[in-house]
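Here it is, the structure, as structure tokens.
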Amino acid sequence: MKKLTSFALIAFLLFISTQALATNKVVIQVSSNDPTTQTIALNNAVNLQKAMGMDNVEIEIVAYGPGLGLLTQKSDQTKRVASLAAQDIKFSACGNTIKKVTKKTGKSPVLTEGVEIVPGGVVRIMELQQQGYAYIRP
Amino acid sequence: MKKLTSFALIAFLLFISTQALATNKVVIQVSSNDPTTQTIALNNAVNLQKAMGMDNVEIEIVAYGPGLGLLTQKSDQTKRVASLAAQDIKFSACGNTIKKVTKKTGKSPVLTEGVEIVPGGVVRIMELQQQGYAYIRP
Amino acid sequence: MKKLTSFALIAFLLFISTQALATNKVVIQVSSNDPTTQTIALNNAVNLQKAMGMDNVEIEIVAYGPGLGLLTQKSDQTKRVASLAAQDIKFSACGNTIKKVTKKTGKSPVLTEGVEIVPGGVVRIMELQQQGYAYIRP
């Protein structure tokens, strides 16, 4: 009986860890200002959602350094970013980069609607990988 | 005695999960049409095989977007790709990209011998990471 | 009682594996000779250290292929690399690349003080990911 209880407990714990791994989670890094690379990042997110079903995958696009521009209203893609943010793709802008740009240009970049700020882009990407997110760098 | 049984079970389960992690598995992403980047991707695969021994590492090169060209017969590297495919390096071409190219150009790209098609390159890269593959993006 | 022992054992094992995952470890890949990309790699390491605290994150920058230059004394950044190496950021230069460069140019590249040589850059990056390192490719 005790063996059974132990076994059930182990099975339960394994089940939990398997679930944690089985969830589809992807972080997509945008650290380049190259328009092609930025477009591919957005396409990658859309393809993942189409393939897995919107409810079966968590996608976060983290932009930092020269990649931050993608998430500002100055980007050619601002409408597409806003639209994707509204359909469950999370966008995170690097707080460190925002501070740097603000200091350099004298004004803070205006982010696209739906974009959130994280303290540091690289720290965020590390943390997401620690939580089991797969990593894509287009 | 029951404690022993439980202990043996736990040890066995830990052993299994350790084994799963210990296997050397690497996915190399090619999403750029830059010839240098593409050459480095192939070199990386060869260096991994040389260092670990061909039987001790599973390597899959996944090409998508502008990187697809590497796996077609139009690539300067088509002979090298075919040769590497014959010596246990797996090449996966993105089905989504193939569809897009076919729609745009009116004809489907001719893949190099030994290259397989996966439904989506990014989905494949995510799945491989979920299976414990390390990720390299040259 | 036996159940309790088993439970304690499982809790202990889970604790150990959680600890292993919880340590902040990041490998940053430099495989490009683009000065901006190389600068971002160094900035990323500094931002990680600032955010987590120097004692709470292990950072290793692995340079290979065209990225090797960053770790040589010919790099514009050689002073910064030496200074970061002295403050607990690990720099690993790819032995395979060093051999290739030496063969091609007739002399071996002079590495910056504090830089270590690993047999293969890509193998090293794979191994670090297997050990739970998050991966960043700027």
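In order of appearance the chains are A, B and C, and numbering begins at 1 in each one.
Here, contacts are C-beta pairs under 8 Å (C-beta built on N, C-alpha and C of every residue); 3 or more make two chains touch, one makes a residue touch a chain.
Note that this is a predicted model, so its numbers are computed, not measured.
Q: Taking all residue numbers at the chain B/chain C interface, are over half used by both copies (same) or under half (different)?
A: Mostly different residues form this interface, as fewer than half of the numbers used are common to both chains.
Q: Given a C-alpha superposition of chain A onto chain B, how large is the rotation in degrees, taken in steps of 5?
A: 120
Q: Please report how many Å separate the Cα centroid of chain B from that of chain C, as a whole number.
A: Distance between chain centres: 23 Å.
Q: Send over the residues of chain C in touch with two or more other chains.
A: 2, 6, 10, 135, 137
Q: What does chain A use to touch chain C in their complex?
A: My answer: residues 2, 5-6, 9-10, 13, 29, 31, 65-66, 96, 119-120, 122-123, 125-126, 129-130, 135, 137.
Q: With touch defined as at the start, can you tell me which chain C residues reach chain A in the complex?
A: Residues 2-3, 6-7, 10, 14, 21-22, 24, 26, 36, 40, 43-44, 47-48, 51-52, 134-138.
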